[in-house]
Amino acid sequence: MRIIVNGEPREVNAALTVAGLIDVLALGPGKRAIECNGRVIPKSEYPEHQLGEGDVVEVIQAVGGG
Amino acid sequence: MRIIVNGEPREVNAALTVAGLIDVLALGPGKRAIECNGRVIPKSEYPEHQLGEGDVVEVIQAVGGG
Amino acid sequence: MRIIVNGEPREVNAALTVAGLIDVLALGPGKRAIECNGRVIPKSEYPEHQLGEGDVVEVIQAVGGG
Amino acid sequence: MRIIVNGEPREVNAALTVAGLIDVLALGPGKRAIECNGRVIPKSEYPEHQLGEGDVVEVIQAVGGG
Amino acid sequence: MGTLATRDGDDDWLLAGRRFHSRLLVGTGKYRDLEQTRDAVEASGAEIVTVAIRRTNIGQDRERPNLLDFLSPDRYTILPNTAGCRTAEEAIRVARQARALLDGAPLVKLEVVGDDLSLYPDGLETLRATERLVAEGFWVLVYTTDDPVLAQRLAEAGAHAVMPLAAPIGSGLGILNPHNIRLIVERCRVPVLVDAGVGTASDAAIAMELGCEAVLMNTAIASARDPVLMAQAMRDAVIAGRRAYRAGRMAPKSHASASSPRRDTAA
Amino acid sequence: MGTLATRDGDDDWLLAGRRFHSRLLVGTGKYRDLEQTRDAVEASGAEIVTVAIRRTNIGQDRERPNLLDFLSPDRYTILPNTAGCRTAEEAIRVARQARALLDGAPLVKLEVVGDDLSLYPDGLETLRATERLVAEGFWVLVYTTDDPVLAQRLAEAGAHAVMPLAAPIGSGLGILNPHNIRLIVERCRVPVLVDAGVGTASDAAIAMELGCEAVLMNTAIASARDPVLMAQAMRDAVIAGRRAYRAGRMAPKSHASASSPRRDTAA
Amino acid sequence: MGTLATRDGDDDWLLAGRRFHSRLLVGTGKYRDLEQTRDAVEASGAEIVTVAIRRTNIGQDRERPNLLDFLSPDRYTILPNTAGCRTAEEAIRVARQARALLDGAPLVKLEVVGDDLSLYPDGLETLRATERLVAEGFWVLVYTTDDPVLAQRLAEAGAHAVMPLAAPIGSGLGILNPHNIRLIVERCRVPVLVDAGVGTASDAAIAMELGCEAVLMNTAIASARDPVLMAQAMRDAVIAGRRAYRAGRMAPKSHASASSPRRDTAA
Amino acid sequence: MGTLATRDGDDDWLLAGRRFHSRLLVGTGKYRDLEQTRDAVEASGAEIVTVAIRRTNIGQDRERPNLLDFLSPDRYTILPNTAGCRTAEEAIRVARQARALLDGAPLVKLEVVGDDLSLYPDGLETLRATERLVAEGFWVLVYTTDDPVLAQRLAEAGAHAVMPLAAPIGSGLGILNPHNIRLIVERCRVPVLVDAGVGTASDAAIAMELGCEAVLMNTAIASARDPVLMAQAMRDAVIAGRRAYRAGRMAPKSHASASSPRRDTAA
């Protein structure tokens, strides 16, 4: 299925969870937040939260700013 | 009947109009506005607008200000 | 003989007066001062003041300034 | 004899030295300078420098200042 | 001659579609008496004059002279203010009173104060009041802080002029933040007037040099030792500042530059 | 009306015993051409005009128009300067040349520079030159720093006017140290003029509000985008500042003070 | 010794119930690299550090070092900002992202910009966002203009700190309107921090002398020639300004007053 | 850590060939008593301390404690001043008294006042005194106006440090003309110290940011509500300002520049 991650369309397996997406994206161990369709997903829900066709996902981190 | 004019209670004849009030108050010829119960009364309505018991009337003019 | 006028050497007839120099230089009618060897020459002395070999003459006028 | 010390006239023994004056005035041990008739007397001269009639002596110290 | 030069109307300005020549607006408060008020206003050259809206003193109304007898609406454009109001509702009520009093003239100086000590405006109430007064057909000249974003919102809401304060009303501290006034002038499509805080003539000139369309003041004139002379000074200062703005000032330089030629000095 | 009010001479000032009306003195350097010089000077309303003293360009003298043909000594009081001089001796020599050139007129603007980059005056040479020029009968208007003690010394030495700089010549930075200018005005018996560093109209107004007798400038007018319009602005600003000074400005306050009455608002 | 004197905690300050010693908060943007960021933050002595919230660069995430590896939340209080947001909704969304990212930490620096050129805040959207974030349990430190009335409204709405700008973000112009900062300090019950516009050490000292609880800055350190040394300078300046505020400065006088005794000079 | 960083001597300065670490010099006048004087001087970290030279109070000399018992010349470099002198001759006499009193130490702070109200120096007498004191072997630190030309003349005459006033002595008005201080720093080969007029910590920081080698003050500390705390503030402020100067401040910009990245915001 097709989802949007950080603005880029991406083809992923159906029934992918947020935890699975983190593996697929090969994200590092740093602190981050994941938002799906405008709602932040709590870390505790990563294993069960299933992504769906067309979902808009944002992977968010802290960067330098003032 | 009893009305309030510029914050002061005042005993007037029943069925007094705004035009009548102006005479009673002996107001001068200068520019002014008259407000009754929070609503400005247009000059054209002075002759017919009847005041009622407990009406709150404000007689307003321009004064020095910045 | 040789004199210096406004920093430039100039060959002139011997026994030239300041008045004569003004003719030679074809100066206009505007206001000016003439200084000879560091001393201002009064206008009244122009006809008789004789220049000498090596004299340093300055012809001076008013220009825009603040 | 009569001398002036810090602006005050003072009667002292004739042939008083600067060192003697310090004793007479009962000055403390702090740092000071002594000036006689406008000239600073070096410390080394205190024992022999004799004061004379009418001498103007200043006893000077450091005080708070900016 | 120079003064006459501007008399010819080549630098008039427009407020709510009406053409004005004088760029100085004056208040009428704090004068010794109405004669002094009139004389100072006249000396200022102002065409627009602010007034406050207050209860008539009933008993004394006949004998007491009236401000508008001294400053006729036939000669001056009267700009009633909503001074003293602390909410949009209060200000709207006063604006309606003023319009009735002035035979339907739609001009109003909107002033909704949020702090009694500084007399700074309440931005939110001011914006609400602006929106509603504009909807009722008023021509709103709005007293505001020097916040450029708020000024833009007010202009977008339909205010006919945006009037940032230079400093607290009546303080005479001059233009505390010229940077903000310049930002407002750059951003707003409607006339920008400095409204409060001017203390002396040079302050008024600075306001105009920053590009303001006009200046409004009261205390700086009324509380001067000689109000009529100060009114003249302010009139001249506004003209001076406006001309300097139009003339385009020299760029400031951190080093000197001689006015007289460096060459051709006698040796 | 107001402008006319001062025309009646009730606020003229005296310089070396002569009466002047305009409190703006202007320089004649840095203009595009002599026509512009003349127009700007005329627009400024100045009665006293500074000029520099330089060698005549011998070959071109006949064809080239002369500054004094455009600014006649019959109409203007010509104030020759000693710009470019670095010692008392140089300045005295130029002053003598100027006096001869101007048929014995004794006025001179004394300028002895001690630093080529800032064009700041050399106080010691300036004082020496002042003493000698005064002894020779000159009427000395002396360009100086804003040092109040030096200003007093120059006045005591016989200078007819003391002219502290506001900022470096030609910088347009405005009055860098108003405190010093005020001290000088308080201390000196002779007229105090701000001489250099004015950049725009409000600077000139400030100089007058500090109590100066007059202002002298050149670059601020000549280097404006529109010199003639800026000359008018400066004329107006000097008048405005002077009137504000005479009118006695309100005392600045750190808190607000309402212009409209607090009482008698409708309930 | 003096520095140690404050180390003993007698002048700590409270933010949302937590105690802090350092009164300097620093941003982490615009540095050359993360090593320099870390070194400058360390040199500044800051305990609270702002960060921005942005999309992870997916492909490069593994290799690229992470800001929070250099500035550990175990050591520093991380203050995420909502920079770049233009509406209350955007800001609330970013605040929620930040809270999730920081394991539920409720602090947020609210920034809702209303003008792209000046980066001035939009007061209305900022107030709306403050109300909603407070309702959601955030501890809101709110970037605002120097409008005292708005600052009070924000404090009343539950903001934990009010942070007026000194000048536009990144401008380094210093405190454009000290009068307003002082008014805000007088009126607000919550800590007041100057948030933007500081350019050099003395600006930070002035902010503290005005009575601010702390100062927040980024560009003034990051864009200095030597950011680590400037971070030290800022740390010292904030301490200096705070001590001067507590020590109670002398009253300025318009005339001189000798430091050395006038009497007892040798005749 | 940062404070320690400068303790290592890498930013010491030289005065008359001697090395100093602290860039704050303090006066000893106007304190409540000698204990407070000592505590404030100690808290300031100053290594050089000014004193005045006055007549001993003969009768009370034995009992009365002596300033130098509290501030030992073994620990502090004592800098005697010539405060109160109005001519070169008076100042030279006091300098000689001071040298004798201090066992031949050649340092002197030369102060020749030309105006009793402003306590501004007399430039000419100051220059004359400098020349003669230098010839007698004194190391002259000279109090002067902020006139750049005079400052250069004093340095050329052999002064070991040039010390322009920031504002009148004891006024606390801060640096009235930063432009002149910068010009002096650019022109003089010897150390430039701001000597008078500082009122609070930020003023001291500004002096150092302008590039001065050090700052000398008295009243700003002694007349603070808490002199010892203010002494610490001044010590920190001077360090802060020096570091900011060395760190190279960011260039001020008239427009904003975001601290957080503009890109990579969540859509």
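A, B, C, D, E, F, G and H are the chain letters, set down in written order, and residue numbers restart from 1 in every chain.
Everything that follows uses one rule, which is that a residue touches a chain if its C-beta (ideal position, glycine included) is under 8 Å from a C-beta of that chain, and two chains touch if they have at least 3 such contacts.
Source: prediction; values computed, not measured.
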**OP:** Weigh B-E against C-E on C-beta contact pairs and write down the one with more.
**Re:** B-E
Subject >> Pair in C-F, C-E or B-E that repeats D-G, with over half of contact pairs matching by residue number >> reply: C-E
Original post:
Centre to centre, by mean C-alpha position, how many angstrom separate subunit B and subunit F?
Top reply: 62
**OP:** Would you mind pulling out the distance in Å between where the CA atoms of subunit G average out and where those of subunit H do?
**Re:** 32
Original post:
Per the centroid of Cα atoms for each chain, what is the distance between subunit B and subunit G, given in Å?
Top reply: 56
Subject >> For subunit C paired with subunit G, centre-to-centre distance based on mean C-alpha positions, whole Å >> reply: 73
Original post:
Mind pulling the subunit D residues that touch 2 or more other chains?
Top reply: 6-7, 35, 58, 60, 63-66
Original post:
Tell me, which residues of subunit G touch at least two other chains?
Top reply: 27, 29-30, 52-55, 81, 83, 93, 97, 118, 120, 169-170, 173, 179, 218-219, 222, 254, 258-261, 264, 266
Subject >> Touching chain combinations (by label order) >> reply: A-G, A-H, B-E, B-F, C-E, C-F, D-G, D-H, E-F, E-G, F-H, G-H
Original post:
Where on subunit G does subunit D make contact in their complex?
Top reply: 258-261, 264, 266-267
Original post:
Mind pulling up the subunit C residues that touch subunit F in the complex?
Top reply: 5-8, 25-28, 30-35, 38, 40-43, 58-66
Original post:
Which part of subunit F faces subunit C closely enough to touch in the complex?
Top reply: 27-31, 34, 37, 50-56, 58, 61-62, 66-69, 73, 78, 80-81, 83, 93, 96-103, 169-170, 196, 216-219, 222
Subject >> Residues of subunit H defined as touching subunit F within the complex >> reply: 114-115, 118, 120-124, 127, 145, 147-150, 152-153, 167, 173, 176-177, 179-180, 183, 187
Subject >> Complex interface listing, subunit G residues touching subunit H >> reply: 1-3, 5, 27, 29-30, 43, 45, 52-55, 57, 81, 83-84, 93-94, 97, 117-120, 168-174, 199-202, 204-206, 209, 218-220, 222-227, 229-237, 239-244, 246-266
